[in-house]
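Here chain A shows up in two complexes: once beside chain B, once beside chain C.
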Partner chain A sequence: MSIAAVFVNVLVFLLLAPLFDGVLRKTTARVQTRQGPPIVQPYYDLFKLLGKERINSARNWAFKLAPPAAFASILAVVALIPFGGKVNALGGRVDAVTVIYLLTLGGVSVLLGALASRNTFAAIGASREMVTMVMIEPILAMTLILGAARSRSLGLGAAVFGAAGPGYGAAAAVMLVVYLLALQAFVAKQPFDIAEAEIEVLEGPFIEYSGPDYGLFRYAMMMKQMFYAWLFVAVFLPFLRTGHYLGDILTQLLGTLAVFILIAVVGSTNPRLRIDQAVKIYAVLILIALGAVGLAVAGV
Partner chain B sequence: MDALTRIETELRSRLGPAVQGLSSPQPGRLFVDVERRALRPAAKALIDLGARYMVGIGWDEIARNGTIGLAHTFAFDADHVAVVLRAAAPAGDPSFESITPDIPSAGWSEREYQDLLGLTFTGHPKPKRLVLADDWPAGVYPLRKEVPYNLEPPAAEDVAYRLDEAPPGTTVVPIGPFHLSLHEPEHFAVYVDGETIKGCDYRGFMTHRGIEKLCQTQVSYNEVPFVAERICGICGSVHACCYSQAVEAAAGLKISRRAEYIRTIMLEIERLHSHLLWLGIAGHLIGFDTVFMQAWRVREKVMWLAERITGNRKTYGMIVIGGVRRDITPEIRAGIEDVLAALEKEVLELKRAIIGDSAIHRRTKGVGYLSKEEAVRWSLVGPVARARGLRLDVRKDHPYAAYDDMAFDVPVADSGDVWGTLVVRVLEIFESISILRQALAGMPAGPLLIEAPEALPPLRHGLSMVEAPRGESVHYVITGEENRPERWRVRAPTYPNLQAVPQMLLDNQFADFPIILGQIDPCFSCTDRVAVIDAGSGRRRILGRTELEALSRGPEAGRSRS
Partner chain C sequence: MTADLSVPLLLAFALLGAAALAAPLLARRRTLAGVVNLALVAAAAVLLFLVGYGSLFGPAGHASATLSLGPVTIPLVLDGLAGLFLGIVALIGLASALYSIRYLERFPGRSLRSYYACFPLFLLGMAGVLVVDDFGLGFTLAWQLMTVPAFFLVRFEREAKETVRAARNFLIFMELAWLLVVLGPLAVPGCRFGDALPVLAGKLGQAGGAPLALFFGLLLAGFGLKAGVFPLGQLWLPGAYSVAPSPVSALLSSAMSKTGVYGLIRAFLFMAPAGNPAFDARTWGLVVAAVGAATLLIGTIQAMKQSDAKRLLAYSSIGQIGYIVLAIGVALALALPAGPAVSVLAAAAVIGALYHALNHAIFKGMLFLTGGNILYATGTKDLNKLGGLIGLMPVTAAIAGLGSLAIAGMPATSGFGSKWLIIASSVLAGDSGFVLVVFGVIALFTSAVTLACYVKFFGMAFTSVGSEWNVGRPVQEAPASMLVPMIALTAICLVQGLFPALSVGLVRAALERSEGFLLAGALGSPAVPVPSRALGLGLPGLGGPVSSAAAAPLVVLLLVGLGLALGALLRRAGGSKEVSAPTWLCGYQDLSNANRYTDRGMFAGLRALFKFAGGKSGK
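Let's turn to the complex of A and B:
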């Protein structure tokens, strides 16, 4: 059962991440009074990209390694998470820090590919990505540490479900607001899609990528989006938990869908910020998040 | 003492006998002929008097009298006067003293004639190629009459444009020749230190079409307006009107009042369209695509309206020498009023959403700043100038068409940044709607077209200005002997405004490059096509009217009209 849950995690994320991306695009289109692409468009995109010829335009191993590394890291993350309300066989052997490391590894892979591609725009994108990572990872870390502090355990289940259960404290409420504000940065959407900013740096880190390599990056990005949307539901919406494995999967997916619609609405009603402006906002968020953890440690 | 007398007195007292001739054949125009050596002091004298530099015009008169002519045009906006300073140099020694050290915005005009006529300008601070391709052979000057319009000379080898030296400690980011924030090919080499812009070199004119040469050698007077309209896909009527006015001025032709009213209506519809288009693009450039889509949805109404009046969504084909081609009937008038009412409501909503959005403030306020003094020094025009506190508007300063009958405000902002240009443009939309209502209500009866005389008198000079949505367009016509202009010079508003962009970029963030360039609403060549290339066969197909219409209105609309 527990081992099967690992496969369920991986399968659900692999299968549904493009669908949620499609919802995102469709919702954005609706806000903009466009028809928008069909909801299944991201599947077509991925099929097309993955079926193309692989071109190593930078001619070095790091450039080739980066996309599979990014994809593998996010795949490992989703294999571990307590999806459906239960800690699975793999998740029980690791702790919250592992998840943070793996997510960072995904980000580092993007940087690796960007720097290996030796392109001016990729370099600008990489420097922006690096700044974003440094400023935004602490918020994720603190979200998990909050749960860990309340339940006095770094275990994955404790970290994820501890923040808002049992009982919704002031700490969790504050962290919920911080997480929502940081959400657009986690999923690289407006106003925080700064590293990829197509009109400025032409997709930044990904400019030299095409075909299957680009497809893997896109796929990894979609999974990452879904992970962050799911994490919000799992951490901050304890009332969606039914106690049944399948029931939890269903409610969490529905919650995730709602979060995606929120991402789309916020993304399409904001212009992109500059990195110098974003950093100031991140800094404030980190401070508030620290405060929330402090509250949790103090037992509020 | 009126303005003309004041200018004349000042020029004569400063230059003495170097002023060879002085005439005012049309109201508000002063043509001054000076000796070649007096051109720079005369230009300086005019600038000291408060003139704004417009553009230079060069022409080949070698066959006639062995000289190459050069004119610089200046506007005294508050006095409603334009001055043309003319001089000539012998073909054997075609050199002038550069006026660019005094007037930076003359830099391009001089470089252009260095390329096209083989003039040289001593003391020019940056005498690089401007218009000609890098591999165009030296010594072939396309605007000289001996050079045929369709000459294809063998390419020069081992030539490349040399970028300006990068400031120490900076890296070069190549924006162009193809980049998402540009809509046409041109190249900005942006020198950045981290993300801060420390300098910029521009190499453009990559799709220079040689329209002036074409119209001076191949087509006739009455055909030029249709070519002129294709100079810009957005301000077509502006160019057709400006050219027609220049010819009418040179020939002393007075068109009917009704035609002037209809010209006014077409020009304002064009402005409505253009400002909504810009608003959308500006949104896109700061990563706000919802503004882009909503503004363009509203813009679509203007295009349908234009189609009802003229049969075309853009490139109206309405304005010709002597008047206009179609009337505005009572039914169409009612249609226009309905659309204006709907438009006003939508734009009010857009305005409320945009002006109050603090996120937009963050991306536009203080960005691309240029002081009022610098704006004067660079001879900026249009909303770009008005956002720097300069109340310049050809419609008020040098009235044409029916603008002398219209009551309207010229919105000005003094923030000197991108935000200012946004506010000015949004407010101008409402002024345009008001002008359109007035023009529809006050339109007198009369003929649409006055026949031009069989043969226009040759070698007359005509200067005309029109306020395009992007600023002042200038056309200069010298009438010819073969039923076509001997010389036709076009200067679109991007020409002066773009020259100041490197200055506006300085010390801004690289992320703001797209909107800083975008604030001038640049128009480079307007030669975009939608081409579909089959990757397998390599077959190339350019999308036509039916397909483009199907894309914009849904497949049924495209089919039913084909």
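Let's turn to the complex of A and C:
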């Protein structure tokens, strides 16, 4: 029964997201000729954070609501996606527009917490995060709309698998390049880690968070990264599809691993951009993506 | 049937007229005047609801009537569409009348005579514009009855220069809108001033290209001016909405702007002569859609730049009306179809337009009243001076938060369902024109900008910090009689969001019970959207049996709820304790008025990118 696939989605993402983050950190360290933490370090971090005390500087409900809300939004996203190549019971009841908005809801939760924490650095980070969200959401949207336009359906399976199949057109090729260029922004890594920018605004939105609250935010971030890496594989690498559910899960996970290594290499070799520079890059990417959708509508 | 509905309608009008006479006489006893106004408005609202219900669900019949005033007769129409919009006017009017009673305490020295005389007349005028069935004498009477009282209501705080100027602009442009609409029929050969709309529509069927272009151009400009489309709305709307007393702002934005939308729908989706080869529905649809897309993008970007809470809400009203206009345009562009699949999308778009009009009436009402609560409690609407109200005004904050999520179209709120219909129908219309896909993408992008506006509104007013230093008085939650109407609107907003099939059913009933609807055929086909899928919405498959788009708020709510529970569980799992500490700014300084984050830096990168859109937060 495909309701079981919902649980598979959630479990795989909950269990493996920290591992991929570990790969990311390890690869980054190796690129910088450091030893780096063990690959399982993110699990240790999360466990440790769950037991530490929660420092609350804000004393309002929004501050407390934000971390579980961010966690819940991304969990809802991964529950719905056609992971393993087939649309599950719940994913069939919604469409791509729902997933796009749910990702935005996760971002909003971060902003809500940041602004509720009353910290000035958090507010700066929130402002940058919002700007980034506004500018990269259309790129994500158009990646899915490309598939929707080709298969004339916004259903999740059609939107995700429609872009590059059947037949790899010019539109998909252009969108692939755009997605790769936007990938670092999707996963908030250098050169687009502008909102958190540890050495500049001290993790921005998260500055006042500690203990399990911070842990939930980190966990949500890890799952978000895994989602975007998975989406690249699912949309643009149709040749990884085996036709079997478990086989597809395996190939998609391997593909995701490769994307994480790519993210780490790009991230560790590119310095951070300023927000105004980044916004211009996003604007150009949006226009190119719109062109790609145009190609898809024209049937190229 | 006809007599059944026109009797309660005229009775409601009489009650509103009585309110305009009775309440001002009692104006010295301020609360009593407010209560009398409320009682009469409430009675009229109940009657208007009955009329609306009757026109939507009562026994079908010919839904027109005439009103005789001495020698002249005015044709009236009481169909489903009019009934739907009458419901909006009645609901927001009722909420606003209750809210006004305590809100007007802000102006202790001022006579309330003109306020209570104009308030019911304004409602009467709006209801009149909805039911008159001509662009002649009846329309003129109703329009003036709407505009002139509204002018005095906007001008209520008349000692401020800004208010007087905004009210003057309001009057000038509303009279201009009236002129444009009344001139429209005169452009068509054989039409006279005062022809009933069905007569007019008949003559449009034989008219040539130039008169048609002139007629629809004038009506687009006139009703567009009223609804506030770009660039016409910017001329008067932000000023009028932001300087009016808050309950009036809510009426202007939630109810009055809908009369413009109503006019556009009547003109383009009822009177458009589908059989006339001189009328190019596709081109007109694309024009209207382009106007809508420009309106929603630019209005929302301008909203993002505002630092005055009510101006932000006003500009964002322009943006939301843009969604409705876009959907009307998409429906018209797809109206003369290439196949059944396309007419499904056209029907989805027009359902989305009306659904969004309903939703906007509710959540913008909530938000403007929230703005009123802030003004009532703090005396300022400058976001730079506010901040941290969440602890002081928890109910208002919760309502503002829900309203913000709804207007940004977050899943499981009401805005999601309607924006979903609009975006899905334009994106899926790709085969019929790439430009519609572009409009759909613009609408999606603008949703994120809307979110930015309301992150700013909620963030700077309710969370963050500032009011403790900049508001020189103790801040308290608003009184119960102001919160009650807001809570009622919130409840409706939640229902609209969680059970979209209800609203869609209402909208469909309205369209099915309206004669002359351009897409009546499409609406009748069994494939049309959309209450389906266990209280969710679905669009039937365009390419196959699988549904091509779907929204299911309850599924989303379930998943997010389970996620929240899991998150809460994880938070407790490690036995962590909560401790309190002051805000940490790297240890150099404590948080103070001098080092908090104000409007200037907010979204600076985006503002620089969208410099071309204008809309500085000027005074």
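In the analysis below, the second predicted complex is superposed on the first by the 300 of 300 C-alpha atoms of A that agree within 3 Å, B and C clash if a C-alpha of one lies under 4 Å from a C-alpha of the other, contacts with A are read in each partner's own complex, and residues count from 1 in each chain.
One rule holds for everything that comes next: contacts are C-beta pairs under 8 Å (C-beta built on N, C-alpha and C of every residue); 3 or more make two chains touch, one makes a residue touch a chain.
Given the structure is predicted, the values throughout are model-derived calculations rather than measurements.
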Counting only touches as set out at the top, which of chain B and chain C does A:Ile124 meet: first, second, both, neither? both
Which of the two partners, first being chain B and second being chain C, lies in contact with A:Ile275: first, second, both, or neither? both
In the overlaid three-chain picture, which partner chain does A:Leu253 touch, first (chain B) or second (chain C), both, or neither? neither
Partner with the higher number of touched chain A residues, chain C or chain B: C
Contacts of A:Ile207 with chain B and chain C, given as first, second, both or neither: second
May I ask you to decide whether A:Ser73 touches chain B, chain C, both, or neither, giving the answer as first, second, both or neither? second
Touched partner set for A:Asp193, first chain B, second chain C, both or neither: first
Partner chain(s) touched by A:Leu24 [first = chain B, second = chain C, both, neither]: neither
In the superposed arrangement, does A:Arg34 touch chain B (first), chain C (second), both or neither? first
Who does A:Val174 touch here: chain B (first), chain C (second), both, or neither? neither
Across the two complexes, what residues of chain A are contacted by chain B and by chain C? 120-121, 124, 127, 202, 275-276
If you look only at chain B, which of its residues touch chain A in the complex? 171-174, 179-181, 195, 283-294, 297, 359-360, 362-363, 509-514
Sites on chain A touched by chain B in the complex: 28, 31-34, 120-121, 124, 127, 190-191, 193-194, 197-200, 202, 268-277
Touching chain A in the complex, chain C uses residues 388, 390-391, 394, 397, 401, 405, 408-411, 416, 420, 423-424, 427-428, 430-431, 434, 437-438, 440-441, 444-445, 447-449, 451-452, 455, 458-460, 462-465, 533-534, 536, 539, 541-544, 546-552, 555-556, 559-564, 566-568, 570-586, 591, 595-597, 601-606, 608-609
Contact set on chain A toward chain C in their complex: 47, 49-63, 67-69, 71-76, 79-80, 90, 92-95, 97-98, 100-102, 104-105, 108, 111-112, 115-121, 123-124, 126-128, 130-131, 133-135, 137-138, 141-142, 145, 148-149, 151-155, 158, 202, 207-208, 211-213, 215-216, 219, 275-276, 278-280, 283, 286, 290, 293-294, 297-298
